[in-house]
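These notes concern the structure reproduced below.
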Amino acid sequence: MHSTKFHVSCRIDYDIRPSATMLFNVRASNGRGQNVLSEKLTISPELRSEVIETGPGGNRFDRVKTGDAKSLTLRYEAEVESVPLLLNPEHLRKVPPAQLDPAQLPFLMPSRYCQSDRLARFAWQKFGNIEDAYDQVLKITDWIQDNVEYVSGTTTSATSAYDTVTECVGVCRDFAHLGIALCRALTIPARYFTGYAWNLQPPDFHACFEAYIGNRWVLFDPTRLASPNALVRIGAGRDAADVSVCTTFGIASCIRQDVQCTALDDKLMALTGDALRQTAISVDHETMP
Amino acid sequence: MHSTKFHVSCRIDYDIRPSATMLFNVRASNGRGQNVLSEKLTISPELRSEVIETGPGGNRFDRVKTGDAKSLTLRYEAEVESVPLLLNPEHLRKVPPAQLDPAQLPFLMPSRYCQSDRLARFAWQKFGNIEDAYDQVLKITDWIQDNVEYVSGTTTSATSAYDTVTECVGVCRDFAHLGIALCRALTIPARYFTGYAWNLQPPDFHACFEAYIGNRWVLFDPTRLASPNALVRIGAGRDAADVSVCTTFGIASCIRQDVQCTALDDKLMALTGDALRQTAISVDHETMP
Amino acid sequence: MHSTKFHVSCRIDYDIRPSATMLFNVRASNGRGQNVLSEKLTISPELRSEVIETGPGGNRFDRVKTGDAKSLTLRYEAEVESVPLLLNPEHLRKVPPAQLDPAQLPFLMPSRYCQSDRLARFAWQKFGNIEDAYDQVLKITDWIQDNVEYVSGTTTSATSAYDTVTECVGVCRDFAHLGIALCRALTIPARYFTGYAWNLQPPDFHACFEAYIGNRWVLFDPTRLASPNALVRIGAGRDAADVSVCTTFGIASCIRQDVQCTALDDKLMALTGDALRQTAISVDHETMP
Amino acid sequence: MHSTKFHVSCRIDYDIRPSATMLFNVRASNGRGQNVLSEKLTISPELRSEVIETGPGGNRFDRVKTGDAKSLTLRYEAEVESVPLLLNPEHLRKVPPAQLDPAQLPFLMPSRYCQSDRLARFAWQKFGNIEDAYDQVLKITDWIQDNVEYVSGTTTSATSAYDTVTECVGVCRDFAHLGIALCRALTIPARYFTGYAWNLQPPDFHACFEAYIGNRWVLFDPTRLASPNALVRIGAGRDAADVSVCTTFGIASCIRQDVQCTALDDKLMALTGDALRQTAISVDHETMP
């Protein structure tokens, strides 16, 4: 069990109309395979805020009342130790619905951006006859990689897996939603993962997904732009609706954003491509009984 | 605080293909304003099953492995005491997003059948200038009642609030989804309610919704086919995806269904119509600190 | 150039509310490769009606004012000679958009049920690198056959190609819409074909599509339930919206329908499957200069 | 019958990939109420092009093969005399479907961006009980004006009337599509109108719609940004798919666009607002027998 230290940071500037409440989701999650060694989050101007911990990934939100402020800058930086589990895919058997823990059931259901109900025939046709669950999810990510083109600016916050499977274009968020929808359609629980990604070009927040197999949440990146063992988790949820970088109740617009993630370890061996056929990665240490 | 006793029952017959797992959601929930005095659930033929308790309404699911069975009959009956809270609407102030408990936050987010994000402008235009939160939700139910026609068989399990708001037709499930989507768009947490309804014609399972105002989950029925104080809760969830009567992993089709709900109390005064402008009803006793 | 004679007939019963106008599209089209030798159409009760000829396939509509009638029975029978052209696929080159006759341009544009604009990437990925136009359309029909399941009752009049490509299920109408949308996305004009089909099981009206290649409208049936040289054309249009069996302005519901198509020729050699890779069929004799 | 002279012009610059075919729709239409007194269209670099006349509004398209060109500039200017008909709304009775000329029937059917079939209940609920056809369409434009916000950049080329009716935001194209869909749902033929608009701020191509009442195509602008009697028609079609400013077969992107429309007449009295309740305007002189 190797651990890697990362330095992550972001800075986001917003224009806001008075009296908004903003819910930020930028802190690295703490525990279950990831330790926040130090962190600092500042809001300028100084505003009343509180940290809320909730959700399946121990997501930590900063809730801020903006009052009269017309602009807001959020800065976050942290040193985080990640301890990804390297797993043997052969041990990652499918957990049949009859044996799933109740905590996983919500991740089998369709959600706003992952209409697994409408993708069921498609998923079974393409991937239904693959015996092994890990292989099934790998094939899903291969299919997404082969069929969906990554093009910035082609999709919006209304785009869902139902669109992406046909329109064949999108960004990391869309790739993740499609992966999730296809897994759920095959009765594999799947959830949305947001995080900081080492070596991501251009630097940005990243989204990928976790599938629940072998009683583990195993991490997959259908964009192949990041390595599952070189990610720092921010949060997990049913889909992007649960773990947006910023959910605004009121009106605010992001006018600038910088995101950084550097490994503090020279020796980080990022696993990609074929290496992931031999080694599966989970960044959630929690197991179900 | 009045209580009413109900006798509820259902019988559902399914044709099934071998090796399905079925997740039934028909048991009356127990606790927080409702007490199951006695109950009996049988599956014929006898099959391995277990009760799972999960979700925000203390939903109790029966998970059944069907093995070789080609058909299955589920029978349930229970005697349930419901203790609805009668509340003064004047005390039911909106809980602003900045003060919501983290447990309510998921019910502000868009979900599979309640795309509140895409209904935001519509909701604010129609209901945005209503001061009082209880009145706002009442007006939403009035609008649905005035604009959506209740016609059996017009919608499918793929129909969502985004469709119903335009197609103006549906059943209780669709009415509830639209109510939820509009509430969430206005930053009022809302969740899907399923239950047994006294005096429902024709008898069936019923769906309506709860909105979180005044730190209470207040019950609303936009179909006006049932009274909020004459319902027995089965479950609560983000939308119908979470609390289907039956979620099948595999293939099964319902071929017959009977549902009954009778009040064991002669004096049940069902509140409907204008009475609900004076008295709000909650069937969830839990309050947030 | 062989000709075949068919006897076609239909009987349709409707319940109607007073004062509807109904536009029937059941007559075999006359001319351009098909000759109506005799025909008889009756409406009971006797109502004012007129025949309208319009549209790209010489569609003939019967427009009927129903007045006070509460029910209506339409009966049609005809003897029709069809003279399908058997063409050598090698001569059917793609007509590039720069050389298309203006009359074909509308059949390149997206329509209600054929959102070719949203299927463009998908179409180019799957079929973009196939050189030969006839082969390209054959591959489209193969793909539909392999990926879409024919199941009666799974779709509605709102279902479009954008749904079918993902939901992978439908009836002849849905198969045709998907074929059309994919052709148009590849800049091959395509139109919806409705007709009577010899040997169709169960007997019904049939839908398939024509693609414009080699300056001919070549007929394709992605359901493979009928043979392109054993069809009697009723009409052609942009999609099903243009050539419904019955378009009602008012309220009417079909309560019974019988459709028949028999070949009056013993020797009809229906072309199907691999035979269509050697021989293309057009039932529209008109050519552009 | 007054006539007004306008000077219209546009310049559009494109980046293109080799071997595209572009179909431009920028020429003022000629005839039936509008006379092109002089015009000049140039393409730089000089490329093979031809003028195609087609469609219900006498649309004139310039079809251009781009060959090896990597960029293209289209310049058009024209002097156009428009002779709008001023009509008395009282004479504009609804033409019932039973009396419509076949040429109008396609404009009753749903199209890519105008899903009148899915808006039928909505349309009848809101506008079904208005007796007078002209008033009905005015009320539709009022409703759109009151409920849909004009915000540039909020919609894409995939946005349709089905979206706009719920999302309540869009540009002239979206306003027109919604107007058309609602008219067709009420069995009033409606078509998409594109043109140059006098005094439009900011200057741009404009879209509105024509409804067929009183045997005339009467012009309506639900954005209220232009006056029906101060427009120069470019074309008419089922919806924007038929009459895009530029349809590209291949890949091209517009990088700059200037549009101008000036009245050469000092005395132009643009009719807007309440004046249109007294006077209807048609810019298509053709009448059906």
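Letters A, B, C and D mark the chains in the order given here, with residues in each chain numbered from 1 onward.
Note that in this section a contact is a pair of C-beta atoms (placed from the backbone, for glycine too) under 8 Å apart; a residue touches a chain by one contact, two chains touch by 3 or more.
Note that the structure is a prediction, hence the values are computed from the model and not measured.
Trainee: Identify which chain pair among C-D, B-D or A-C reproduces the interface of A-B, meaning that over half of its contact pairs, matched by residue number, are the same.
Mentor: Of the listed options, the interface copy of A-B is C-D.
Trainee: Between chain B and chain D, tell me the centre distance in angstrom, where each centre is the average of that chain's C-alpha atoms.
Mentor: 46
Trainee: From the mean C-alpha coordinate of chain A to that of chain D, what's the distance rounded to whole Å?
Mentor: About 45 Å separates the centre of chain A from that of chain D.
Trainee: Counting only Cα atoms for the centres, state how far chain C is from chain D in Å.
Mentor: 31
Trainee: What residues in chain D touch two or more of the other chains?
Mentor: In chain D, the residues touching two or more other chains are 118.
Trainee: Name the graph shape formed by the protein chains and their touching pairs; answer line, ring, star, complete or other.
Mentor: Drawn as a graph, the chains make one closed cycle, so a ring.
Trainee: Give the pairs of chains that touch; include all such pairs.
Mentor: Those chain pairs satisfying the definition are A-B, A-C, B-D, C-D.
Trainee: Can you list the residues on chain D that touch chain B in the complex?
Mentor: 118-119, 121-122, 125, 147, 149, 162, 165-169
Trainee: Mind listing the chain D positions that touch chain C in their complex?
Mentor: Touching chain C from chain D are residues 21, 23, 52-54, 61, 63, 65, 96-98, 102-103, 105-106, 108-112, 115, 117-118, 157-158, 187, 238, 241-242, 247, 249.
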